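Paired with chain B in one complex and with chain C in the other, chain A is shared by the two complexes that follow.
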Partner chain A sequence: MTRSSTDFGQLARIVLLLPATVIVVVGYVLPSLVLAAMSFGIVPGTWSLSEATTSHYARLIGDVYYLRVVGYTLFLGIVVSVLTAILAFPVGYYLARSRSRLTSLYAVLTFTPLAVGMNMVTLGWMVILGKTGFINALLLQTGAIKDPLQLLYGWGAVIVAMVHVVFTFMVLPIEAVVRQIDPSLEKAARILGAGPIRTFLEVVLPLSLPGIAAGFLIVFLQVCGAFVLPLLLGGQGFTLMPIAIWEQITVSFDRPFAATLSVALILISIVVMLVQMRIMREKSLV
Partner chain B sequence: MSLRYLSIYSAVLGVLFVFPLLIVVAVSLDPGDYIRFPVSGYSPRWYIEMWSNQTIVLALKNSLIVGTVSSLIGAAVAVPAALVIARGGWFLERVAYPFFLSSFTIPWLVYGLALLFFWGAAGFDLSLTTLIVGHTVIAIPYILRVTLAVLRGMPPNLVRAARISGASPWQAFFHVTLPYIRSGLVAGISFAFVVSFTNIPVSLFITTADNITLPVAIFNYMVNNFEPMVATISVVQVVMIGIILVTARKVGRVERS
Partner chain C sequence: MTTRRSVLKMLGAGGALAWGGGSLVHAQGNSVTITSLGGKWEQSIREHFIPLFKKRTGAEVRVVLGGPSQWSAQIEAQPNRPPLDAVDNSELLAIALKNKGLVVKLTPDKVPNLADTPDLFRKPFDDYGASYQYSTSALFHNREKIPQAPKTWAEFFERTAKGEFGRAVTLPDISYPWAPHIIWHFATALGGSVDNLDPAFDALKKIKPYVVKFWSTALEVERMVISKEVNIGYLWDGRIIAMMGDKNPTLAFNRPGPNSVVVLTPAQVVKGGNEKLAFEWVNTLLDPEPQLQYYKLINFTPTNRKVVIPDDMKATVMPLSDGVTPPYAELAKVTSRIVDRWNREIRG
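Let's look at the complex of A and B:
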């Protein structure tokens, strides 16, 4: 191998990588290690390994309440991912195939919830769904109902708003994957006599699966980590993993158990990622 | 599939997407003391009163400082790293790059908690500096990814030509590489700024009365008192984000032409 004048020497590489490495180690790796240590009851100050205990994990696994919280979190992740995939596919397909100038506008619109911040989006849905909110005002004025409906707080409100927030994470990979599907494949299927539905189910959908799977993963992880939106739209008693962590810190003042719940949430994310990669690999082998 | 129907569907969804935001704008102009719809009227009352709220003004100042400093430090450390990673190699691709992106995979609230424990264990008081460190860590992946994507598309001969013509590595970087990656870099920095400027979960546990950020202040208001001023501050926040994104686009473009 010949070294050209544009290659960096070993020393230059280290110097260039060093600042980012220092920040990630100090700002991310060490805090994560402290968090993991806390979850085993090793507290700062003494750092005594002899105090290490798995009792916080035993409490998590033994308590039906927290198992239910884990279940709710996974359930919300699946529901929101499936709904978003169904709703976002037509948009992703359209963005990939249309030559209209409007496509860039739609792309920007699906991105807005991320750019304006979670407080704005959550507030918007609170005003739309609230007892003195938009939908109730509309229904009361048209005489469709006499008493305001309880739309806010609970699964419905959280699911709707969550789909809104994560939509762009599903649209982008679907758009990217549809772009790579040769439109003549669909034409060929149609010429050979397949109807539009069969063409979609047997040609477009199978070829889009990698994009949908990629979107599924990002959306699922986003939902599992969501905090502000489910806390404010879910209302009292609606507990997901991040909300349970927050409660341990602000209500119960149980820091080690908050750390345990955090580690459990990270483990869930890793397992979901591994399962997803496994499925994707098997699919491509077929 | 008929693109015509799909375009109508996409347009309807697009309108639904901005609808909640428009509702907040309407509420932000309500002079009343609680949030309701239809609004009781339109007045700039809260747009004036919010500036006499000490917490909000301090939080806004803090957020501007934290967002600016963390995204600029993020760029200062991510760009050199990107230059090296762009050369490829097993270690850089499989170890270094995923390592720098690893903060992407941890839920933000969990990261915020880890920072709370870490600064406590290290004996540091929570301050703007500790906040900036956390925000820099989450800024790095955004800036690194964009910069790397641009660098990978850059013909290596550009730098080679500069070096052969007698430019020092520094000159080659500032006169050839930097102008080439500039628009991507500016996009990455502005995106990292927006992430910092709107972030609640990372900041929540590590903010105090002194280093509180704007989104955390808004969050506290949303949990405790639900008045139209919450909407007003949110709208002001969005307007600032808009100004920054538009400015960034201009800065990124000028250099290209």
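Let's look at the complex of A and C:
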């Protein structure tokens, strides 16, 4: 290969990747840098470093309330991710293994939360869980309860609705990975005397871990960034980081502190991503 | 082969393109970029105000949906080439933009309808904004469950704290942009002031166990009323009136004493935008003819003195003498502390 053809190939690669690069730089890199600058008190426009301060970070770390907000956000992310993984695995396994004609229909049903969107799902759950909603109506009709239950505006409502919204994001990677597992491995385990539970625990589950991990990461990040659903379905004492950011911008007009909370949320996401990549890399080396 | 040098070249090219690629859309020539909330507000802007504006000016109108904090941030981000020409703002943000020199003073020669707009709707902003509508605080209640509504705010808090209404009460949350106004109002109605908000927070702490949800958007209230989650709560008069009638036959409202807080929507002309058309737009917002149509749709009271409210709607209009507005400058100074205090004492 000549030097000129190598240069041309390099140039072609640069040109073809340029649009995506522009989008990443404009849509993510530059705004993130501006956000980081704002979190240190630097005003966009003036960009004066003499205004830089770490006081906003000191406030975040030193205030029990905001540490609790961070804690609630991580807690919700973990709980929803674990629950979704448990519920989504059988569905993903079924979609990957089933030869039934109804598999396509089940696949479409699995995709409906994605198609409908978080806002509509939220409104739907407000109707279902309300005092005059489906669940209360059923319980009242059957005589199980005398007065309607308060099902909305708490952790339960948020977790249930959140699992519904992110369900597809867990099913898809699990299904993709399970498809790649040779079915004969399960058959071999059964032939050699392993029961279905042992086959699942010692053959299927370990081989499915990359899919579960990928789904876990996507779901965790989605949950940590969720705004509308926790705002509408959550109750008092239920502030998550996106809501706290919203309050700082729209009520306190404290954009630097809002930027600080945003940077903290981004850093948490990056750390979780790196931890997951490290764990999966170690697993693949074993 | 992909090398570090080729990746850096790519990022550099992308960054250069991005940097030189221009900024947010800037209105030019015979068009004006204005703002609107969504839903019925957008409907009214498009059906009632824009046609009159176009008839008078022949100019095109571009509507940017969103909210005051978003629009104010956009204006502050590009002060030399603002992406908006006119903005409907909240009171505190309107004053903030004025203090930063980002909006232009309205004068009767450029905005003739200003002369028919009472001082209450202009002077808090030194004429750097004028409100074309106002809403007032009110209590809605289910008249079957609560035949006798509280006549004062003090009575409301007292009866709620005793559990008379059960766990079926709703009030605004601190995440609602006008929450500081409301907390100030509660404080003053209970004997406090902008410097002494203790009466409001003490009252809120006492009634907290009976609050189903502190709402962040009016949509939540409407949902709670329809699904019978609440029997009494706080909302703006226009929103309550819109919910009443056949849809909610048991819904009633009143304005507890001693007064109601009045919330304004100051329309402002952005400095450096298409100021000529923006002045015309603000003048259209203050015009009595579309204001009356707006009122019939939204039920928020128009501000132009010349608007003739139909007789069948007059009963729900609050006389301005019964309304109060916060000392905005002082309120802006304590807003951060209000948020912090709410987080500790009400959410904690």
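The criterion applied here is as follows: the second predicted complex is superposed on the first by the 257 of 286 C-alpha atoms of A that agree within 3 Å, B and C clash if a C-alpha of one lies under 4 Å from a C-alpha of the other, contacts with A are read in each partner's own complex, and residues count from 1 in each chain.
Note that in this section a residue touches a chain if its C-beta (ideal position, glycine included) is under 8 Å from a C-beta of that chain, and two chains touch if they have at least 3 such contacts.
None of the values given here were measured: they were computed from a predicted structure.
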item	value
Touching partner for A:P44 - first (chain B), second (chain C), both, neither	both
Touched partner set for A:I249, first chain B, second chain C, both or neither	both
Partner chain(s) touched by A:A115 [first = chain B, second = chain C, both, neither]	first
First, second, both or neither for A:Y106, with chain B first and chain C second	first
Partner chain(s) touched by A:Q236 [first = chain B, second = chain C, both, neither]	second
Touching partner for A:F220 - first (chain B), second (chain C), both, neither	neither
Which of chain B and chain C A:A259 touches, first, second, both or neither	first
Partner chain in contact with A:G130 - chain B first, chain C second, else both or neither	both
Touching partner for A:V24 - first (chain B), second (chain C), both, neither	both
Comparing the two partners chain B and chain C, which touches a greater set of residues in chain A	B
Intersection of the chain A residues that touch chain B with those that touch chain C	6, 13, 17, 21, 24, 26, 30, 44-45, 123, 126-127, 130, 132-133, 232, 246, 249, 255
Residue numbers on chain A that touch chain B, as the complex places them	4-8, 13, 15-17, 19-21, 23-24, 26-28, 30-32, 34-35, 38, 44-45, 87, 90-91, 93-95, 97-98, 100, 102, 105-106, 109-110, 112-113, 115-128, 130, 132-134, 137, 164, 167, 196, 200, 204, 221, 224-225, 227-228, 232, 242, 245-246, 249, 255, 258-259, 262, 265-266, 269-270, 273
Complex interface listing, chain B residues touching chain A	1, 3, 6-7, 9-11, 13-14, 17-21, 23-24, 27, 35-38, 73, 76-78, 80-81, 83-84, 87, 96, 99-100, 102-103, 105-111, 113-118, 120-121, 133-134, 136-137, 140, 144, 156, 159-160, 163-164, 194, 197-198, 200-201, 204-205, 215, 218-219, 222-223, 226, 230-231, 234-235, 237-238, 241, 245
Complex contact set, residues of chain A against chain C	6, 10, 13-14, 17-18, 21-22, 24-26, 29-30, 44-45, 65, 123, 126-127, 130-133, 150, 152-153, 231-232, 235-237, 239, 243, 246-255
Touch list for chain C against partner chain A, complex	1-3, 6, 9-11, 13-15, 17-18, 21, 67, 69, 73, 77, 79, 92-93, 96, 167, 174-177, 179-180, 208, 211-214, 216-217, 220, 223, 226-229, 332, 335-336, 339-340, 343-344, 346-348
